[in-house]
Structures are given as structure tokens and as C-alpha cells.
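Just dropping this structure here.
Chains here go by letter, A, B, C, D, E, F, G and H, matching the order in which they are written, and residues are numbered from 1 within each.
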Amino acid sequence: MDEQALRALLESYRSGAVDLDQVVQRMRNLPFEDLGFAKVDHHRAIRCGFPEVVYCEGKTVEQVVAIIEAKVAGGGNVLATRASESAAGAVADRFPQADCCSLARTVTIRQRDPEPCPGHVAIVAAGTSDLPVAEEARVTAEIMDQTTRTFYDVGVAGIHRLLAHSGELQAANVLVVVAGMEGALASVVGGLVDRPVIAVPTSVGYGASFGGLAALLAMLNSCASGVTAVNIDNGFAAGYSAALINRLAQTGT
Amino acid sequence: MDEQALRALLESYRSGAVDLDQVVQRMRNLPFEDLGFAKVDHHRAIRCGFPEVVYCEGKTVEQVVAIIEAKVAGGGNVLATRASESAAGAVADRFPQADCCSLARTVTIRQRDPEPCPGHVAIVAAGTSDLPVAEEARVTAEIMDQTTRTFYDVGVAGIHRLLAHSGELQAANVLVVVAGMEGALASVVGGLVDRPVIAVPTSVGYGASFGGLAALLAMLNSCASGVTAVNIDNGFAAGYSAALINRLAQTGT
Amino acid sequence: MDEQALRALLESYRSGAVDLDQVVQRMRNLPFEDLGFAKVDHHRAIRCGFPEVVYCEGKTVEQVVAIIEAKVAGGGNVLATRASESAAGAVADRFPQADCCSLARTVTIRQRDPEPCPGHVAIVAAGTSDLPVAEEARVTAEIMDQTTRTFYDVGVAGIHRLLAHSGELQAANVLVVVAGMEGALASVVGGLVDRPVIAVPTSVGYGASFGGLAALLAMLNSCASGVTAVNIDNGFAAGYSAALINRLAQTGT
Amino acid sequence: MDEQALRALLESYRSGAVDLDQVVQRMRNLPFEDLGFAKVDHHRAIRCGFPEVVYCEGKTVEQVVAIIEAKVAGGGNVLATRASESAAGAVADRFPQADCCSLARTVTIRQRDPEPCPGHVAIVAAGTSDLPVAEEARVTAEIMDQTTRTFYDVGVAGIHRLLAHSGELQAANVLVVVAGMEGALASVVGGLVDRPVIAVPTSVGYGASFGGLAALLAMLNSCASGVTAVNIDNGFAAGYSAALINRLAQTGT
Amino acid sequence: MDEQALRALLESYRSGAVDLDQVVQRMRNLPFEDLGFAKVDHHRAIRCGFPEVVYCEGKTVEQVVAIIEAKVAGGGNVLATRASESAAGAVADRFPQADCCSLARTVTIRQRDPEPCPGHVAIVAAGTSDLPVAEEARVTAEIMDQTTRTFYDVGVAGIHRLLAHSGELQAANVLVVVAGMEGALASVVGGLVDRPVIAVPTSVGYGASFGGLAALLAMLNSCASGVTAVNIDNGFAAGYSAALINRLAQTGT
Amino acid sequence: MDEQALRALLESYRSGAVDLDQVVQRMRNLPFEDLGFAKVDHHRAIRCGFPEVVYCEGKTVEQVVAIIEAKVAGGGNVLATRASESAAGAVADRFPQADCCSLARTVTIRQRDPEPCPGHVAIVAAGTSDLPVAEEARVTAEIMDQTTRTFYDVGVAGIHRLLAHSGELQAANVLVVVAGMEGALASVVGGLVDRPVIAVPTSVGYGASFGGLAALLAMLNSCASGVTAVNIDNGFAAGYSAALINRLAQTGT
Amino acid sequence: MDEQALRALLESYRSGAVDLDQVVQRMRNLPFEDLGFAKVDHHRAIRCGFPEVVYCEGKTVEQVVAIIEAKVAGGGNVLATRASESAAGAVADRFPQADCCSLARTVTIRQRDPEPCPGHVAIVAAGTSDLPVAEEARVTAEIMDQTTRTFYDVGVAGIHRLLAHSGELQAANVLVVVAGMEGALASVVGGLVDRPVIAVPTSVGYGASFGGLAALLAMLNSCASGVTAVNIDNGFAAGYSAALINRLAQTGT
Amino acid sequence: MDEQALRALLESYRSGAVDLDQVVQRMRNLPFEDLGFAKVDHHRAIRCGFPEVVYCEGKTVEQVVAIIEAKVAGGGNVLATRASESAAGAVADRFPQADCCSLARTVTIRQRDPEPCPGHVAIVAAGTSDLPVAEEARVTAEIMDQTTRTFYDVGVAGIHRLLAHSGELQAANVLVVVAGMEGALASVVGGLVDRPVIAVPTSVGYGASFGGLAALLAMLNSCASGVTAVNIDNGFAAGYSAALINRLAQTGT
């Protein structure tokens, strides 16, 4: 049943063709039928500045371009993640206004003017190998109209480098902390600030890091309060949640 | 070096007993010496409404009471988690104003007037077995001055029960979702709202739930954006992070 | 919004107080509001002979009795699983017609006449230690009006015992195969029959059985076609699915 | 000992060359000797419409073609799974009537007229990355003469898309639910229908999905009754079991 | 179908009541029906000196006694493993000739005269905590008529203690090596002898021994040739296999 | 200290240059010094027909050839395992008498006349994908002068194929059972014979077989007595242990 | 062969009863025979101040007392670890000079005067729950004559508490770092000092700490150089290694 | 705040522009600001002979060369690990004095004269496949001015080869033991010496070695005292810790 059918049903009720009980009976099953909710969601997304996201891994270059074309036609901002070099190139050829970040493996196309909010999101990364994940978080937050500040290469093995920035870290509304190996950075940052910290374990490390499991477990077991975690290497998830949180600070509701 | 020593150093500098270079040299090592930072932190905590938290597991009843006495003397709100029945009873004997929640295994002592903020935290739980963890989250958020609304027994096996509350869920600033078994509730809720969701896996389930691992992995792999996770059964961590987030909405920074 | 509100809305539409667009707008959000779907489900369950199930683990004796009283009042058959000896006793005191199976740790209360179907469910178990799980499956299938036949102590170490029953096994519509240790029985039975086999790993075994993990993995990797698996020790799940399948054979749709 | 030997033994018994005890003694060991049972199985398979299945992974193109030639000669329908592009091409060259599904990586050769049954199998998939597995299930069920209906891209992150089809889902006799990441779809579908659900975890996801383990555990721990699971990415197993179940509905025994 | 039925079938064939084809048809299904194979196996076991084994874990004292009574009536040697103190006591009360080994948690009842073979089985154990498992292996091998020699407390941390016995170790036909913690003893012994070594990991150890997993993995990865492994703490399995191997040496076939 | 040094020490003792206590003191440390034991081992290996084994994985073609040249010069039989096609070709070019088995990835060079023993080793494999591992076991046993009989493609999904060979299986002195997926074959064979069974899990399977872990756990948890296991895919280890066992049967000690 | 036999052999050689070749031949096998090496080791241990260690877990009170009596008679210092309260009490009754540490669950009996070395071992612990393990390390190091300094409750969530002691930490020769949960303390300390750090994971934590696995993995993956790890909760191992290292600093060799 | 700001603050205090309390207040936050600590660390590293380390994995050849140029300019010794052949070649082209070890995959550039200490580090390796890791440890220790002695191919399967070197092993101040497969070598060496042993598991092995996990668990569970472990394949970490330990022996503090 679509909207037209609903309208027809209501009109036949008003005309007396069906009675009230019959309409109520039909209503009971409405949640299970297509009333065009997707469109409603679509409108809300464009209104709010949520990006249209394309996860490129496992898709051909042609598929990526075609999907992005459809998203662009929708009028909102577009974010493609895990884009291979060739996919990014093809998108850039098709959309000259596309912004490719090879480190983050992202492509973004901005179609709506940013509405920046006063607070900012801090992106903190332990080592240079963690940067692709950190950058994916940064790009995601920015296409969602957030201001970001980055603090890279501040791993705990040289704690002074991190502490030198503690004032700035405390100034952020929400912090994304990206670290592989033993993932200790999340706990240390969590102990320095009184704002929500989103920890992103990375698969950086070898041997018993087991593809990021060591860092993930560490972050889930953080002794600092206020730390939550996302999946291994999932910079997008962290940037997205951070944007949702910082937007709260902006809107006050 | 403590604060007295610092003052003495500075006065001997003003008096000319030591010169500027000597003072600077001393300053370099300051971060590694005790300047009473704990006190500073202490003051900030009281000012902000952060609770003094006591994790009771593995402590004797006498230890729990003694620690809480010290915390109460500090003047802030006090939260004790994982309190056994006997520990909770002993605290209640000592502090008649203590509020014991046997389901959540918490004891709270409020010493400061609440400063409630306009938005609220939703606590969503899949089944009745998940309630101890959900209640721990609720109590934690409330002692941190947050308003909460609870949605219990809304597991995905009967999706209608959950959907019946979708409007209310969308009204929350931040949501804590508590579920054991397969943990699917976090993804479904994450798909219904555009606010940050903190997922708490519980050890509810048997066989291949492996003590909550199944739910934890599910939540980390959620197909819905905006979901982050905390440790298994860690209702406290979820309530704490949710309070940090909702406080942002209140303060706007 | 409940049914009364819906009726009022429709009547005000008929009377012209609200126009068609306004009604449609309200309809859009209907799926998220409570129209009494639970009742509908409730009626269907009673009509079909689905049992009302109570999982007793982690509940007090008083809670179990109270929940069962409510279920009994609903008029359908009742099944309680994982009932401790004391819980089963208390239910039997309250409901003399209750049928307690101490091996399966179940209590059943039949309130509707069985409508047996012509085919049957075979319950096959490897060793005597697997019987509690097998019996839980049997009791579940029977309270759902299925005929069962049991084949116990037919583990693969003595393959002749199993083969001696191959004709009878092939006569079943669906088979539940319960085994711990290496779980090989599921594959052997799966190779003997051309009907669906539901494999239930048990936590029977020691050392590297890792609480049933060895049997679970074996069953998921069965070289025989037609085998699906449920959670470790979950006889209820197997009996329930077997009943759903055999009911299909009965109804032909 | 083959059938001829058996006949000779019996004839020599009738003629008195061996006595009854000697024959009985020989009978005791019969189960362990080749009486041509494979042929019997072969006949039954052809009669029932069971496909001859070839698992292509790890076989050379030449081996695949040769095995399929032998199967085709047997006269039944043939199903090849996990066929590489080059293997599928070579089979298609040899058998022009072969039907290649590149998404499912299957090749089918139908040699017997289908005997469709009235009910149908629903194939439900969460995301586009899950389609190869879902299609393998569909192709398998269809070559076994089942009618299928597919519901693709209905993951739980947008629950409306799924609910819009709930009526159709409830109309199926048996449902195959394919999902990676957190695998929540199986529980939600299981809660919507009262028919057997076969859940197929896929290796779609990254980081802590651990190659499909997260979805597998979720499905084994489903809070919905009536859900059983097969191995990760094993669409064939799900399609095969679904066909066995739906055939029951058809035959009524 | 039992033996009597078979004889009747054959006699009616000889008398002409059924023809050859009909008999052959019946024969086809014979393997699946009960021809008294269990009895044959039973006879063979008694003839060979195989013990009747009772695994006591999870059985009540009454069940253990009843099962052993049945086994004793069979006339062969009886071995009960994992017998609790109370179970062992009850068996000893009932059968004064029973031999209880509290360290190995075994009870044995010898009813047949031993037929010792010339070679022997060496039982080697790393530490005193491994002795229960080692003794279970020793008792098992001895009730199967094997001569054993034990080498206890010869862990690799003091390699001299082990090397002092190398000549004796090389004199054994087969060696059972029992070790927990890192399980290195199996590799070292495997490097000293040119006979089969059966390694038994034990759950002795703490922390990252993970209940014997560390020792099990070590033994499966032994750098010495000729080492095979059994399940964690399974002294019975090792003793049984060792007896099978040494018996080969005796019989020469 | 080498043998010359020992002789000098003893002669200086006989001549009175050092006294008895001094010699004894020197003796204490002897075990730790090189007395040419490797040569003794070397001689024993040649005498017994033990092959010189070369594990080729991770070695260059040149290294493999060089090592085999050295082994060949030693005069014993040579076995190279995990040989790549190019390595095998290079060895065959250098030693025309080399016997390459591409399926088993082995190269053997026989330099001593076989001394076959009367009994034999059975090599049993579940599926065609398990053949490389089974063949490695066969080649290993044969170069150690054992007679083998192979039973391939007898997986438990078609139990008749296996049972048809039960008499022959029972005739073996020792059996190597090779299976991937759920590894059930080991338990079934273990239940059919009363001889030692060496189980070899293979990495054949997908999804939750976890690279052979499922089969390994199944084999370690076998409900049949007399089964021991080796590492995943380690056909060499199984063939080697089987040869050690069968040699016992030959020599009777 | 014991020392007497060796002396007899040498004397018969000097007397000419056996010739040089015969003696050398006997020598070849010497390493495998008992020459009283244990005594030598024993002497060395007493000379060096190594404690005689008794691991009490799994031993009866009587066994513990008996073993300690034997150790005390040897004259060296004695260390008993994992002593239950009753075991410790019994030892204290028997040896009034025994020093019981209930927190560390150790009993020590000092029989040799300490020979303290100038440097010291730092014992650093994250939380109060980690103290039993930290104290076991401290007691172990001290009975081995090391000076220790303890830094307790300096977890990374409050990094200031740790940094306040950085000067003292840098003054230690070797550091034992004890932490549960996410184990981040080891990395932070490792980044502050340029001395060897021995990390001890503890089983403190819940949920996804998996009994200390999270901390263990973190410590093995430490991003700081100079960190090595011991088993979970193994304070003894850490204290022992730390003592070996600090003794090096003392002796200079 | 940098040093200039600090000096300005102090001068304004001396001049009376700010009072003592205000200065103290400012001091409290000092640890969080950059006072040039990195430089201090830098100086210390050069003074002590610590190498500047470059981990090459995941870096381009150009990046490796650029980073090494910067390090060389710093004046200290440089160590690059995990260098690909092409990276090593490029560095050697740029710095002719670079020393490339292709087995260890290291490049070292010595710019400071070695200050060798009297004791030495023993590097012990089980098999030839373990040599890359062992050599990485050796190169690391040597660039840190340590003397090393290597004992390669002394795995426990041929224990004599190891024991032949026991005297030399006991002469080392600290030992690095490198082994894959079952990792037993660490325990055996740990039992032979009374010096600290650093165990390095390698990923050598197949099947159930699980990428080095088997050896890692074995080493953590070593029954010998004095053994600590580093991450799988992390020869650098072992060499670094060994150098720190041996340097202690040299300096005596």
C-alpha cells in the first residue's frame, strides 16, 4: 500500500463506502506497508546536513561513480569512504568539485553551505601509522559541518608530547582518540579531560596485536570514565558519533 | 616539591637569592612533582557535579564504609557501584540519607542540590535480565544531575513494542541501549534516531554468547551510524558517558 | 495514540474537521504508536497452539510462580524452561495439573487440547549426558502439539547402534540431533536422511571442548547437507524450530 | 561382496551347499560390504529432484568440467557452487544450456522439468554486499524446484524498509536471512514471522567482525524463537535446508 | 529385524515361500537393523582384555554403582574414571575386590588374569600437580594388561632430572608425557626417543595458560617428530592409546 | 671439549698428572659439552631407516637443493616436504632418481633397500580436498619402509562408502584419518577399529572452520577411544608416528 | 650410574682393567645418568641467595608444611606463594620466625643474612585491586635480597599522580609495573624511564577483560621500548626476574 | 606557554606586577605546556648511546630515506628495522657507511664510537626459520654497544646440541631466546641459567601455531623462573631490553 492507496481508502470511508471499523482494521497493518518513509528520511537528512555516505570497498569503479551520481542528484553533501585510488580518480574526473583525501581514502562533495558550530572536535592520534584512520574521522566530522583540531603523533611512549597539549585537549567538546598497538592513549586522554572520548582502535601493530584486538580490548577496559569505543579502524564511525555529539552542544537540545 | 617549596623558591627569587635562570631550570621539572593537583581536580569535580565513585567489588564491607565516609566528607555526591547487599546495608546504617538500589547494586548519597538540564537521557533495555545493567546506567546518569526516561523490555523479537516508543526515543538527546544475547537492539535503535547511542552488551545469554562477547561484537559491528560501545555489563560507563554528552547539550560548549 | 484516538481522528475527518492531507500526515507516524498489536499477537499465539514460554534462570521462585499465573490466565499452554527443582515444586503446588520433567528442567501446563499432526519429530542424542538438552527439545515440541520419537545413546563411537535405527530415522519429518564432545552425530545423521536436521551442541565434554564450542563448530561445518544449528545446550530452540517445521508438513502451507 | 556374490551365497544355501548358520554368519558382516547402495541413493536423488552438487573451490577448470560431465550423464539437475569466472565459462562452452549466475558464483544445468510446490521460500538480505551469499541460497533452492521471493537491502539500520514487507515475509513457508556485520536482521525477522528462519552470517564487515564471527554469534544467540544458523557465507547450506523444509509443506509428510 | 527374523527369512526362501529377488531386497536394508552386533563387540572386548569403561562425572553415586554392577556381570575388567570420593567408596563397599586410586580418581575391578606383554609403557610427568592425570593414564594402561614405568617430577626447568633417565625412557615401547604450563616436556622427550610419544596437556597453570590451552597448542606444535596429542587432562585417552600401541608390539600384527 | 680432549684428560689421569677427584669434577660438566653425539644419532638414523627430512617452506630453491645434496651424501633415505613445484623440479634435475609427488608436495630419494614389515598403515581421507595432506602422510610412512593402503573419499556424509571398507580398515595395524570441515571421520573410524588412530585435521572448509580449528577440536574431543591428534594439515607428523607404531608391531619390542 | 660408579670405572681404567676406548664409550652416555647434579644446583642456590620456592595452590596444608620443613632443613631462604590463610597459619605455627603477608598470600622464612645491593627495584601498581600481585612481586624480590620501593595507586586515569613520582621512578634500576583493565600503565612508565620494565597483567577488570587477557595483550604490544611481560597475575615471576636483573647491576657481571 | 612566557611571568612577579598567589596559580598548569622537554630527551638519548629507531613497515622508500637523513643529522647511531630490500638499497646509496643486514631486515648507521661493556648478551635461536627475528635482536643489541654471542639451530628436539653449549650460555649476563612452533626452548634455557631470559615467540609453524600464539602462550607459562616475554616476532624489543639489562651490569647502577 502506498500513499495513493491510503488516500483512496480514506476517501471511500468519507463517502461511506467503508465504515469506521473497516478503516481501523486496515490501519492496524499500516506500519508494515510502504508509505514513502524513505522520502521523509531523505528530506530530514538533507535538512540536517547529514552526508550521504558511500562505502566503496567491494564495489567497482563504475558502481562507485554511478552511486555517487545518484547521491549528488539528491542535493546533499556526499561522503565516500574506503575509496581506492582509481575510484577516487574516476569520481574526481566526473565531479571536478570533489575533494579527495588520499590518506583518509575519502572523497567528499559539498553541495550545501557549512553551518559551523562554535565548539570543536579534537582528533588525537598516537602514531603516523594511525593517520589514515584519524583522517577518515576528521573528514567525516567536517563534512557534517564540524570544526576539528588534530593532535597527531602524541603516543604515550613520550607522554610529554601529549601533556604539552593538555590545555587544548580540554578545550574540545568531544575527542576522537585513534591508537593501535596497546591503545593506551585513550585511557590517558580520558583521564585528562571531562568530555566524551570516542576511542578508535587501529590494526597497527604486529604479532599479538591480532589485527587490532589488543587495542580494542584495551579501550573497552579503559580505567578512565567517559570513554566509549567503535570498531577497529572505523574512523568514519568515530567521526560520525563525534559530530552527533558536538551538534548537541550547538543546538542545546 | 610541594606548594610550600614552590612559594619559597619564588620568594627567594624575588629576594634575589636565586636568579631567573635558576628558577626556570627548576620549573622544567615541575610537572613531575606533587603540586597538589589532586586537590584541584577535587575542587573541579565538586563544582561540576561529578560524583565520587566507589567500585565495591573485591572490597570488604568495612573498606566500603570507610571509603564512603571519606568521600562524603569531601562534600560531593557519592556513587557506589557493584555493592553487595551487606555492603549496601552497612552504608545505609551509617548514612540514613543513602539511597540503595538493589537491582542496580548501587548506593548513592546526594549532598548537592541537583541542577537538572532540559534534555534527557533515554535508557533502553531488551529484556528483564538486562535490568541490573540498565539501572546502573540510570542511577549513574541521575546522580550526575541528568533526567532519564526508561524503556524496558523492548527487545527486537517483538519489534512492535519498540516501535511503539519511537517518537519518545527520538526525543532524547542521547540513548543508552542495553542488551545481551545477540545485542541487535543497539542497531535497531541506532537506525531509528539521529542522536548518539551508547551500546552496553550484557552477559545475559548462554552457550555461545560467551559471557557477553556475542553482544559486544554485534554492537561494535553495528550497521547503524552513531553507535559506540562500552565494556560488557558496564552500565556505569554508559551512564557516565551519556551524562557527559547531555551536559554538553545543556551548556552549549 | 491508541485505537480510540485513531477512531476520533477518522471521525473528525469524515465530519470535515480535518482534511485529507492532515489525516495522511498523521498516518505517516502511525507505525511508531501503540495500536494494540501485542493483543493481536497474543490472540494468534493462542489460536496456533504456540506455548507461552518462561525462561526461569535468574528468576526467584516467587517470580516464576507469578509469571506462570499470568500466563495460565491467558488460556494458552505454558512452558517453563531451566526450572530449578524448587521452582518446579512451587509451580506444581500451585497448579496440580502441571507436568514437571526434572531431567529436562521443564514445567508444562496444558490448557488446550492437542491437535496432533500425522508426521513426527525425531530426537536423537549421542550420550546419556546429553539427555537434559534432548529432553528439553522433546518437551518443547510436544507442548507445541508435535509427536516425537526419541533415539538416545546412539553416539558415533558405536556406529552400529545408530545404523540399527536408520529406517526409523528416515521416517521422521524433521530431526533434532543432540551431541557434545566432537558433535559428529549431526553429520552422520545428516548423511542418512533427506529431511531437515537441527543440530544442538551440548557443553558435555572436558578440556578442549571449551564448553561446547568444539561441538558447535563441528555442527556448523557439517559435511552433510541439510544441517542447521542452534546455540549450545539450547534444546528449547531446537524443539521450537522442529515444531514450526513439522507443522508446515501438517498444514501444507 | 557385491550383489552377485550375495545371490550366489543364497543360491548355494538353497541348494544345501552351505547351511543356515553359515549364511547367518556371512550376513552379520554385510553392512560393511558394498551392495550397491550408492546406486539406490542415486536413483532416489534423481527421483526427488535433489541436485548433484559440485563444490568448485580448489579444483582446476578441467576437473570442474569433467566432474560436471559425469553428473550430467547421470540425468539429474546439476549445481556447481563457488565457480570462478573461468570455470563457469568453460562449463558454459561445454554445455550451452548451463545457466551461470556470476553474482552467486553458481552454474546450474536443469535436466528435469521443475515440479514447483505452492508455497515459497523468502530470501532476505541486509545489504548489497551480502548478495552473493543470498543469491547462492536462491539458486540452490530454485534448482531444487522451490519458488523463491527475494527481499534485498532491508537491513535493520532502516527498519522501515523491512517492515514495509512484513506482510510478504509472513506469507513465506520458510525464510533464509542473510546478514553480515552484527547480523541483527535474523532476530528482527524471526520476531515478525511464525515460520522457520535459517540465518546465514556473512563475512561482510571489517575489524572486529572477525570474518563473520560477530554475525554468527549473534545469530546463534538470537532472542527470537525459530531461528537456526548455518556456517559463515554458506548460502548453499541455507538454500538446501530451506528447500527440504518447504518440500515438507508440499508433500504433507 | 533380529537374528531370528533373519533365520526365518532364509528358511522361507529355501522353502520357496519367497524368491531370491525378495531376499536380496531385504538384505539391502540389513545394515540398518539390529542383528545383535553389540553382542559381537561385547565378546571381542572380553576376549581382548579391553576394559569396560565408566565415566563417572555427572552421574549420581547410585547410577555409578548400578552401571558397574552391570559391567561386572559381563565378566570383563572394569574401569571407572573421574570417580568422586563418595562414588569410589560406594563401589568399594559393593565390590570389596575393587581397587581405588584416589589420586587418579579411578576404580578398577579386575576379573580376568592379566596377560602382560614384554615391553612397557613409560608415563612421564612434569610436576606434582600433573600426577592425577598421569596416574589416570597409568591405571588405564595397567587394567589393559600393560606394564608401566613412571617418571614423575621431571619437568624441563631442571633438565638434568629428565636426562638422568634418558636411557630408561629410550627403553619404553611407547611414552605418555603429561605436562601443564608450557608443555615443553613433550618436545624434549620426543627428541630423546625414537618411539611414539602421546602428549597429554593438563590444566595446571594460571593466567594465560587458559585452562590448558597453552600446553595443548605447544604439544600440537612440537618440533619433535613422533608426538601426537590428546585432550586436556585426558589421561584415560592417553593410557588407552598407549595400551593399543604396546599391544601391537606384543602381538606383532 | 671434544673427544680428543676427553682422551687427553683420561690419559693424564692414568699418568697421574691429575687425580681422581679432578677427573670426576670435569665429568660433572660433560653432558654440556660436545662429544660428537650428533654423529651417534646420525648413525642410528641410517641404521633404522629413518628418513632425513627437509621442510622446504620458506627456503629458496637453491637452499633446498643444497640441503638435499648434503643429506644424500649421508647415505640415508631423504624426504622433502612442502616442496614447491619449482623446488621439486630443481631437485629432480639434480637427482634423476628423485620421486616427486606433486599432490603431496613431497620429494623422496631412496638410497637404502626397503625392509617392509608384514602389517600395514591405513590412510583414510574424507574428501578430495584432503588428499594433499593424506598423501603427505602416505609418502612419509612409505619412505620409512611401511606398507600403506589408502581409503579416500569416504566422508561420513555418505556413511555407506566408509562402512563398505570396515573389514579392510580393521585389518590395519594403525590408521591415519585425515578430515577437514567437522572432522567427524576420526570418531567414526575410531569406533570401528581397535587399533590406534592418528587424526589429522585439515584446513579444508570455510567460514567457521577457522582454518582447521573446528576439525582439530572435534578430533581432540573424539568420543571414540584410541584417537590421538596432530597439528592441522600436518600429514608428515601423522605418517611419521604411524610408521613408529607399525614398526613396533614388526619388531615386537 | 652414580658418582661411586664413575670413580670405580676410572680406577679400573687406571689399573688397566678397561682401556681408554671403553672408558670413552661409557662417557658418551654420561649426560643421561645421575651424577648428583641436583646437589650441585642445590649448593649454588644456597650460595647465591636464591630462595627455595613452594607454590601452595592445589596442595593440602599438611603437604605445604611438610615441604617447607624440608626446604628449611636445606638452610636457604624459603618463599611460599599462593598460600591460603590456613596454610599460612599452619606454617606460622610450625615456624614462629615465618613472615606471612596476607595481601600477597606469601610466607617467607629468612635463614641467611641479607646482602643488600645499592640499587633498587621499583614496584608500580595501577589500582588497589592490583596490590596482591604487586605485593607478591615485592616479597619475592626482597627475599632475594633486593631493596624495593613501591608506587601504588598511580593508574593512568589520573596521570598526575604517576608523573609526580617520575623522578623516583627514573632512579630505579628495574621496574615492575602491575596493572589490570587496559594495562596502559606499563607503556606510560616505559616511556618515562630508560631502564628495563617488567609488566605484570592482572585479572582485575570485568567483561571484555577476559581474565586479564586485555592487559596482557596491551603489555605485549607496548609502544614503549624496554618492556617485557610475564603471565597474568604472576607477581612472583616479575619479582624473580627483577631480582636477577638488579643483581647484575650489583655484581657488574 | 613557552619558556619566554615563563620568564616574562617571573619577571613581572619580581617587579610586583603579579603577586605570589597568582604565580603559583599559573604554575599549577605548567605540566601541560611545552617547555622543550623533547630537546632534553633528545640530548639524553645521544649521550647514552640509545639508537634513533625507524620502523620501516608501511613507509615508502622516500619516506624512509628522508627520516633517516633527519636522524643522521641528529648525530646519534641510527637503526632502521623491517626494511624492505629496496628501502635498504636506497639508504645504502644515500649513506655508503650504512650497514645492511638482509636477514634481519635492518639498516644501521654508526656515528658514535662504541663503548663496549665487559659482559655479553647471548642470542639463542631454535631453528633456521627463526633467524630473521634472532638477527634483529642481535643487530639491535650491538648498535646499543653490547657484545653478543649467537647460538643458532639449538632447538629442543635435539637437546644435545643445546646442552653442548650450556657452559657458554651460563656465561652470558642476559639471554634472548627465539623460538617458534611450541616455544619450548625458552623453558629449557631458563632452567639452565640463573640470568634473566627474554623470550621471543616467532610466527614460525603452521596450523595450530596460530601465527605464533602457541609459542607466545608457552613462553608466558614457562615453568622456569626468570623468563619474560615480548611480542611475536619482535626481535627488536628483545634486543633493546637485553641491552638495557646488560648496560646495568656495566654501570653498576
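Everything below uses one rule, namely that contacts are C-beta pairs under 8 Å (C-beta built on N, C-alpha and C of every residue); 3 or more make two chains touch, one makes a residue touch a chain.
This one's a predicted model, so the numbers in the text were calculated from it and none came from an experiment.
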Could you tell me which chains make contact with chain C and chain H both? A, B, E, F
Over half of the residue-numbered contact pairs in common: that is the test. Which of C-E, A-G or B-C passes it against B-D? A-G
Farthest chain from chain E, going by mean C-alpha coordinates, please. A
Expressed in whole Å, how far the mean CA point of chain A lies from that of chain C is 40
Whole-Å distance, chain E centre to chain H centre, using C-alpha means? 50
Where in chain A do residues touch two or more of the other chains? 31-32, 37, 158, 160, 163, 207-209, 213, 216, 220-221, 225, 231
Tell me, which pairs of chains are in touch? A-B, A-C, A-D, A-G, A-H, B-C, B-D, B-G, B-H, C-D, C-E, C-F, D-E, D-F, E-F, E-G, E-H, F-G, F-H, G-H
Chain G-facing residues of chain F, complex: 3, 6-7, 10-11, 13-14, 20, 23-24, 27-28, 30-32, 35-37, 40
Which residues, counting only chain C, touch chain D once they are in their complex? 31, 44, 48, 50, 53, 118-119, 160, 163, 173-174, 194-196, 198, 216, 220-221, 225-231, 236-238, 240-241, 244-246, 248-253
Can you tell me which positions in chain E touch chain C when the two form their complex? 29, 31-34, 37-38, 41, 57-58, 201, 203, 211-213, 216, 231-234
Touching residues of chain D toward chain B in the complex: what are they? 126-127, 155-159, 163, 181-184, 186-188, 190-192, 205, 207-210, 213-215, 217-225
The residues of chain A that touch chain H in their complex are 129, 158, 160-161, 163-167, 206-209
